[in-house]
Amino acid sequence: MAASVLGVLFDGVAYGSLLFLISVGLSVTMGLMNFVNLAHGAFAMAGGYLCVALMQRAGMPFLATLPLVFLAIALVGAALERTLYRRLYDASHLDQVLFSIGLTFMAVAAATYVWGPNQQPVRLPGFLRGQIHPGGVDLGAYRLFLIGLVAATTLALHLLMAKTRFGARVRASVDNRAAAAGLGIPVDRIFVLTFALGTGLAGVGGAVGIDVLGLDPTFPIKYMVYFLLVVAIGGAGSIKGPALAALLLGVFDVAGKYYVPEAGAFIIYGLMLTLLAFFPRGLYGRKA
Amino acid sequence: MKRILLAIACLLATALPALAETPLKIGLVAPFSGPFADYGKQMDAGIKAYMHQHGDTVAGRKVEVIVRDTTGPSPEIAKRLAQELVVRDQVDFLAGFGLTPEALAVADIATQAKKPMIVMNAASSVVTTKSPYIARFSMALPQVVAPLASWAAKNGIRRVFTLVSDYAPGIDSEAAFKKALTEAGGEVVDSIRVPLRSPEFAPFIQRIKDSQPQAVFVFVPAGEQGIAFMKGFQERGLGAAGIKVIATGDITDDHVLDVMGDVASGMITSFHYSAAHDSPENKAFLQAYEEVAGGGGRANFMAVAAYDGMNAIYQVASKLNGKIDGDKAMEILKGMKFTSPRGPIAIDPDTRDIVQTVYIRRVENIGGHYFNVEFDHVPDVRDPGK
Amino acid sequence: MLRPFPTPAAVSPEEDVIRPAGPCERIARLPADRWTLRETAFWLMPVLGYFAFPGYLMLGSQILIAGLFALSLDLIMGYAGIVSLGHAAFFGTGAYAAGLLASHGWHEPLSGLLAGAAAAALVALPVSLLVVRGQDLGRLIVTLGIGMLFFEAANKAAAITGGVDGLSGMEIAPLFGLFDFDLFGRTAYLYSLGVLFLLFLLCRRLVHSPFGLSLRGIKENSKRMASLGAPVERRLVSVFVIAAALAGAAGALLAQTTRFVGLDSLSFQRSAELLIMLVLGGTGRLYGALIGAALFLLAQDILAGLDPVYWQFWLGLMLVAVVLYARGGVLGGAALLAGRIRGKRR
């Protein structure tokens, strides 16, 4: 019994870590630029497809593709920010929602056109497959890898935000954009860099997520709710909030499925409604 | 007098060529875009393959297939398209129907317009009961589930865990499997219904592992979920723990089997068609399919159902000398028998549903490609769900 | 400040739009809006369509139903500023309510329609309490989540709803005991048109009433409205429930005219497409909803056959383009154009 509880907890944390990795960029864009970007999942999908393409066409090993995926998707994100997104910073949330839904539809159709509607397979290296059994608990090797990767990324993000000049500027811009700009902080550049960072992380999330979440053209729509939930429950603009929210969601989802499979998808929505009823601005909401 | 003559002349002018020259119209209603786009493509290719082999005229009438896209699971669009095909294009047959809701929504139109409706996929038991003008050339889900359960019990697999998607086809197959297995002396130790949109199989698979059955019966939508399940199954070492996976053949659909690769290797499934079926009819079919849809992947059960449906339409048309009447056509369809690429098939005169051989197959690697290789079969299976 | 109402003038055929403002139009800006000639012309179109395209009546009735559904979203989004990604929840509720009645022996259509609207309004009441509290993002997620929840619930309750297989086998009695729902869709078309017209009149009355004015105010600045003494939350709840009832009526119409209810009536796809229709036509104008629905369904009917894969791509591109270059959709663009031309003349 204790072993099964630990196993479920472990799976939930791994799942939550993945959600966090993909969603953290969305949280920052929403907090920083006040932009509701429903197309965020499309960047994750692009990362996944790039990873598959690099492995299949160029024969690269799985782990080696990840840095490349990060850079490429970050560049794509920066380019889109420069050309399209920035025109809508002052637009209403409604316009932003429509714009990003439009982008999502285009991404879905384009992915179907290039890769077809089927699921893409990913072949993990041998040392990431199978399970290890410390103390009678079954731990999936890949899930362990996921947790490690995300923990390292989160630590790096935290240090970046807390200890560097860049981080200080981002925090200042989130708190008060106008004042930050008035103090001579190059808000424009901060926006591009943050957006690129967020999309790049989503790309990596999409790549390492293929094995857990799958990869097909409807990915951005299928998981849109989950990403939005992480941000809404966590509160936009922080790292702590989404991290906590993603872990909560992951653990509840997995535990719910293990112990009460009859309840199906209701657990996650129930959790969402309860949390939003008590914390309309999210667990770590900053602004009114 | 003049007017009457004129009227007669007009009538003759329109009526005479009408018999000789109006094409035999078949309205194909199926999804060609959206998540089920493959369904439409497979059916269209199956129909083309038949026409490629047997010519595009029957009983002196040219055959014209009018293709309409339902854009996905969209019953109201399917119904509208069928209505327009009947009212505007005056088709002689309605055909296609990839998804059960679309078939059910159109059933009304078939009854009202007295048009034969040839179902080429939609697999819920209930479909054929909704209109006396429906004949099904695909399969009924319980039809392939029940033989699998009896086969399992016969081969010493008596303690089975079932895992199905939480939607009507999943629940139907869970019930059919349980019934057949219990009758054959086996026992379902536990059942899980997973949400239709289930991103994470890990907890379910862990539960199966913890209850240690001899086998797990799986029914999830083909594609993503099938792959996800098999991956989790292997990652958690259920195979090594001696648990077998048995399923219906849609999870190892010929069209996606090669993409699944070694994940599916060794899986045992029951189904009515495999591209690896060894018969002259199947070879001829696969060749014709390759010629009309080459490069589009392997033909699957939907292409075969469409091919057989087309065969039936040709037979009806030639028996009626090209003059299609809904009721007469149904009389011919009832009890129709022929050898399909999948083996012998027949239409049950009472239910208008298909009677066919169900095969037990194992996924094997043949020359670098994965195939469902048949190793056992149950002849003349009817839908036990009715 | 309150913006003046967009004139219904910007509404129908293009040549009408460029006509210079007459005295009639100034009156139209007042709350007690008068019916204009252009509106009469607009409503004559579907009537003419009935005689001109007898082979397209099913498509016609589905356009009318989508128009009613879009109208419902326009009330909460265009007038009250609530963005919803889960409006299909109410459409589906109405459809299932009407469908269940019809398949359990209650065949009369008008009462079925009322039941559909009432059921949707009933479930909308608790939902609205959750929705109106939040900010934009919160509302988005709550509506999205509620939409998904309803979808799952209908799937779970397969014994009642038929689950994925859908609800079929319903029987609808002749309208007023006289007009049978025929194969050609004549009754379906006229029934849909009649219901749409009556409910449109209701909406038109509503948005031009003081209640409608206060909604506009809340959309512009809810804090200010609150400090002016307007019961913001109550107003929003009311309009949300009214809109849900309209959506339920649209769903019931679809159920009755197609005699089938599928899970897709609750799907995210339906909510998203609805949003696209409305934005395409132009929000906050009522007529935009109708024009958007017609454009969308006609385009889908024509384009989906031409190129199934690209279809969604072009749809997305259209949305992006509308947001970037033509905010306000077809009607917004037309009004802008008309304004410019008028400006030049002066």
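Just a few scattered comments:
We call the chains A, B and C, going by the order they appear; numbering starts again at 1 in every chain.
In the analysis below, a contact is a pair of C-beta atoms (placed from the backbone, for glycine too) under 8 Å apart; a residue touches a chain by one contact, two chains touch by 3 or more.
Listed by chain with UniProt protein names: A, C = Branched-chain amino acid ABC transporter permease; B = ABC transporter substrate-binding protein.
Treat the numbers as computed from the prediction; the structure is a model and nothing was measured.
Taking the mean Cα position of each chain as its centre, B sits at the greatest distance from chain A. Two chain pairs, A-C and A-B, are compared here, and A-C has more C-beta pairs in contact (counted per touch definition above). The centroid of the Cα atoms in chain B and the matching centroid in chain C are 37 Å apart.
Centre-to-centre spacing of chain A and chain C amounts to 34 Å, using the average Cα coordinate of each chain. Separation between the centroids of chain A and chain B, computed from CA atoms only, is 39 Å. Residue positions 37, 166, 195 of chain B each touch two or more of the other chains.
Among the residues of chain C, those in touch with two or more other chains are 152, 156, 309, 311-312. In chain A, the positions touching at least two other chains are 112, 264-265.
Interface residues of chain C, counted against chain B in their complex, comprise 55-56, 58-59, 62, 152, 155-156, 158, 162-166, 168-169, 183-185, 254, 258-260, 262-264, 269, 300, 304-305, 308-309, 311-312. On the side of chain C, the complex with chain A involves touching residues 77, 81, 83, 85, 130, 133-138, 140-142, 144-146, 148-149, 152-153, 156, 268, 272, 275-276, 279, 283, 309-313, 315-320, 322-324, 327. Listed in rising order, the residues of chain B touching chain C in the complex are 32-34, 37, 67-69, 71-76, 79-80, 83-84, 86-88, 100-101, 104-105, 107-109, 112-113, 124, 126, 130, 166-169, 171, 195-196.
Against chain C, the residues of chain A that register as touching in their complex are 30, 36, 84, 87-88, 91, 93-95, 97-99, 101-110, 112-113, 221, 224-225, 228-229, 231-232, 236, 264-266, 269, 272-273, 276-277, 280-281. Looking at the complex, you find that chain B touches chain A at residues 35, 37-38, 166, 192-195, 197-200, 202-204, 206-207, 209-210, 223-224, 227-228, 231, 234-237, 256, 259-261, 263.
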